[in-house]
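In the two complexes below, chain A is the common chain; its partner is chain B in one and chain C in the other.
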Partner chain A sequence: MAVQAEMPRRPRSAAGLDLLRPGQWLGWVSEHRYWAYFLIIPSILFIFAIIIYPTANGIILSFREMRLTRPDLGTGFIGLRHYADMLDDPVFWVALINTLKWVVMSVTLEFALGLAAALALNRDLPGIRLISVLILLPWFLPNVVAGNIWALMLDPRLGVLNDIFIKLGFLSEGKAWFADPDTALLIAVIVEGWHGYPFFALLFLAALKGIPKDLYKAAAVDGAGTLQAFWQITLPGLKMIIVAVVILRVIGLVNSPELLLILTGGGPGNATQVLSLYAFHSAYLLFDFGYAGALSVVMFVILMVFCVIYLRVSRLTAD
Partner chain B sequence: MEALRIKAVRKKFGPLEVLKGISLDLEEGDFLVLLGPSGCGKSTLLALIAGLEDITAGEIHIGDVIANDLHPRDRNIAMVFQSYALYPSMTVHANMAFGLKMRGVSTADQDEAVKRVADMLDIGHLLERKPGQLSGGQRQRVAMGRALVRDPMLFLFDEPLSNLDAKLRVQMRSEIKKLHNRLQTTVVYVTHDQVEAMTLATKIAVMQAGEIQQYAPPEEIYNRPANAFVAGFVGSPQMNFLPGRLERGNGDPRLRIEPANGATECTIPIGSLVESSLGNGEEVIVGIRPESIRPAGSSSTFTFDAAIELVEMTGADTLATFILGGHEMMARLPAEEKPALGDRIGLSFDPASVHLFDRHTTVRLN
Partner chain C sequence: MAKSLQRTKRIHDWVAYGVAIFFLFFGLAPIVWLIITSFKSEGEIVNTVLTYYPHNPIATNYVDIWRQSAFPTLMMNSLQTTIMTVVICVTVGTLASYSFSQYRFPGKYALLLFYLVVRMFPAVLMIIPLFLIMRFFGLLDTSLGLALAYTSFLLPLFIWMMKGFFDALPPDLEKAARIDGCTRIGALVRVILPLVRNGLAATAIFVAIASWNEYLFALMLTTSSGSRTWPVGLQLMIGEFQLPWGLLAAGGVISIIPVVILFALVQQTMVRGLTSGAVKG
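Presenting the complex of A and B:
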């Protein structure tokens, strides 16, 4: 008893825990029902700092004047003026239409190439594993690198593709594909298709592997041909992954201007101008951050509306 | 008429030969069970009959056509898979009607056929559900229904009951038996479950390592197994095997059981069990089914004393493990026999019920 009385006093919590021994009080806290909240605090802070705060700030920015080239205008609130300007801005409408074309054509091409690749790779043939890895290579390349590779290959004087076309007799002289408003967007879509289809192929292949082989055997015994088996078994089996992969890709395509920035810079004229690129231009070439913010908010709203409608429709057809 | 004829069929996967010359004929209305352990080639043989795998050599006739190069849809077969393989995106009705639809049957006829079979299998109330909303037993019925909706020459079943729990399995087994009795269809049924094989089959092909060991009606498989493998595979608990030697002295021939672990020798008089062509000193395997061994009592049987090593009660009977001539054996005794561990009790069996196999070829001798 005497020994205990001589021990120095250590700080204790209300629950009687020794605060100098973290092992003890952490153990006590981890038994507590609110421990889960404690664990997710870091991620919430992180999400807040890099997603919620910038997004909110961007939305607020879209209601303010902020032109670095016109400091005399100040940075006050101007209400919906940027949005009103947008309605009268012919480039906005061109960019909107181009975004639609760009996304629809690219996703369609990537979907088709990805599905074809996945179906081809979903067979037990020698060497198919190696090919499945090789086929992913375009996806590994950063947009910037992929863009520069193709810009060089399609160059009117140095490009290997023009050279091949001339030798095959399709062209009489090197063509500047990205200088022609009729071909610029189309060629950019082909480059994007090449770059993006492995993403579709990879996910489709994973989904195909999950479809039981017995279903195809049963269909064969039932009398279904290859095409009928595809419609009745393969496509329904891919349905969920199709919904997910299309939505992810659409978001990616709407939001990323890099490839077009490198290949065409939005030109010639505004032939390949898309919303993300236009917002980038407004912010970092024209230094009109308020208008760029308004463009970003419009993109955000368009994507939200698309996602809601798309998910609703795909859920309706799922049952 | 023969519904199925298989002639010298071989199947190789790369260098591995999984079927080594299978031949068998099946009459219309027969129920053939392909029975064997895992990897014996029974499912591969079924896949060859169905046309789901290419045949390496030999011929398969379904009805009176050679089916070797026919697509599964042209073979006039229906198949039930172990996994049931129901199309997950279709309703039960659409699943069952799919085969008819693919063959261009009118919607009205499809509906009628589906309704008829659904009533027969008692799944009429499930027709609008998707497979994901069904229990295991219901899925099994739907899979059967999908096969029965058409009127094929041959029904193929690939371990259809192995995913069901024990009670449901017994119930479905009886229903399959009743269905077969009623419809008199020709069936090829793959299983590794000998009880399913014995109860369902009109003929059993016992397979091992890509070869048919015996092809016969169930009674014959059980009563006169063609070799030691069949004898050991069919019957539960397994047949007791003892190494022995045939002795022809002055009197009746006897079997001398070769003792193990320093036990005393034991001889069994076997009367006219074997033909006289078998010579003196012939090395044999002596097979005695556990159910042939009874408590001692009858004077016409071979009687011996044995120490009980283990007693297992199953409810219906008592399984007693004992030592004879140094060899561990099992007897299936009536439930009212309750020997205690270590007891020495009198047991007996009729020498006529003994199975003899050649020690080297394992082929049946008697």
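Presenting the complex of A and C:
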């Protein structure tokens, strides 16, 4: 009896639950009618704290002066000045055009490579399964490694690709591909294509496997050729996945400056300067947080407008 | 008719093999070249005559990058950040994805869509305020701060992928477990989680690989060797110290080994998880 009296009193909830025994009160919580919401609440808190709040702050920041190098300017609201400055900023316009080129060329290349790979890998042949796993490898490589592998292979003096091109007679001497404004963006697109196409191949392959084989047999019986079957069966079967993959990739390409940051840093000149990279440079090198915020807001708005139009159009053509 | 069909099929098979082998070469040749370079001496790399395989293969690049640079520290920092990211995503994300998959409640589809849309927010727009917030809370330049930042793009991804694995479970498992006397949380922990453990492992590894590889957030949110991750460290070494190619290649090979091993372990389940959500629409 004495032992029992000396035991410390544990805090008890209104329901008479022992709060120090998680098994018990979690069990009670899990029987609550709002259990489904309870499970989601932690993730909502996280999303608000690390996505919504910073993003909202970033948008507000775009209307303020904030240069870490010029504390004398203060951090007051300056309305739309950053946006007005942007209109007169030649680099912004170059970056806008480059973003367009970068995204269109990269997506086209990745789409073509991914579709070709998926069509080839969608066959029951010995060894094909292994190949379809191995070709995913580049996609799992970090941008830092992917970028530097190609920087090494394309090095004007030591690069193996320059060596091969010289031996084949395409070049008379090693070319500094990333130093030439005419080739820098194009080569970066090829590197991005190498790095990104497995994602397209993976999803296209999964969608191809979902198309019933009977459809092709029926088409063959009706006398349809390979090309006709491709246009009439394969492409319609891939339609949904094409819409989804392209939009995911466009979002990724617009938002992430990583690969270009590693390959070219936006140069030579501004030949590979894209919006995300320019915004990042404004923040990271120039410490002009306000202007960087405005650049990213513009990028985000353009992306949103694109997504809405794109989804409208793709839904229209789907009907 | 049947014969010509058979012949067309055979031709197609050969074309398919040709294309597949092209992609195999295209995909892997650069990686093989990285490995070859990592075994060459600096003299052999800068030689005017390019060698296509290491004539005097050496392992000194590996020894040097490990012993004479901050690489081990960088990798430890990355490991720490990766583990924290995975722990956060697995605990918070599993609960949410389970709820999204198994229960019906008002607002569910709006929330799911919301989790998809937040992935559209540009990282650059988030990084600046995150930088200021983390500085305020003293989280700047810490592994925890970086892991929290990674959660911003990995948590929604985790929830969507994990939801696919929960969706594939047979229905009414929870009900059955509750009839046997489990509470709902008991049913989740004792019955359902063991059934999705492969999917959970694959999704966790996907998140781990992404945070191990991440560059942009790490560049902005870490400033010292105390928490700097290996991608940033490696890139800085290239820029600042004109890192010799051999060492860079060795560093690259070392750092992608864990990625390749983890992927190999769960590739089948991971591919299923990545494709199921997308293919269903």
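In this section, the second predicted complex is superposed on the first by the 286 of 319 C-alpha atoms of A that agree within 3 Å, B and C clash if a C-alpha of one lies under 4 Å from a C-alpha of the other, contacts with A are read in each partner's own complex, and residues count from 1 in each chain.
Everything that follows uses one rule, which is that a residue touches a chain if its C-beta (ideal position, glycine included) is under 8 Å from a C-beta of that chain, and two chains touch if they have at least 3 such contacts.
Please read these numbers as outputs of a predicted model, since none were measured by experiment.
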* To do: Please work out whether A:Gly74 is in contact with chain B alone, chain C alone, both, or neither, and reply first, second, both or neither.
  => neither
* Of the two partner chains, chain B (first) and chain C (second), which one does A:Pro236 touch, if any: first, second, both, or neither? -> first
* Per-residue contact with chain A, leading partner among chain C and chain B -> C
* Check whether A:Pro212 is in contact with chain B, with chain C, with both or with neither, and answer first, second, both or neither. => first
* Which of the two partners, first being chain B and second being chain C, lies in contact with A:Gly269: first, second, both, or neither? -> neither
* Partner chain(s) touched by A:Gln228 [first = chain B, second = chain C, both, neither] -> first
* Which holds for A:Pro181: it touches chain B only (first), chain C only (second), both, or neither? -> neither
* Of all the chain A residues, which ones make contact with chain B and with chain C? -> 220
* Structure fact -> The answer for chain A against chain B in the complex is residues 212, 214-215, 217-224, 228, 232-233, 236-237, 239
* Asked: Where on chain B does chain A make contact in their complex?
  -> 50-52, 71-73, 77-79, 81-83, 85-90, 98-99, 102-103, 146
* Asked: Which of the residues in chain A end up touching chain C in this complex?
  -> 26-31, 35-37, 39-40, 42-44, 46-47, 50-55, 57-59, 61, 113, 116-117, 119-121, 123, 125, 128, 131-138, 140-145, 148-150, 152-153, 155, 157-158, 160, 163, 194, 198, 201-203, 205-207, 210, 220, 226, 240-241, 244-245, 251, 254-258, 261-262, 276, 279-280, 283-284, 289, 292-293, 295-297, 299-300, 303-304, 307
* Structure fact -> Per the touch rule above, chain C residues touching chain A in the complex are 5, 8, 12-13, 15-21, 23-24, 26-28, 30-31, 33-34, 37, 45-46, 50, 52, 88, 91-93, 95-96, 98-100, 103-105, 111, 115, 118-130, 132-133, 148-149, 151-152, 155-156, 159, 183-186, 188, 209, 212-216, 219-220, 231, 234-235, 238, 245, 248-249, 252, 255-256, 259-260, 263, 267, 271, 274-276, 278-279, 281
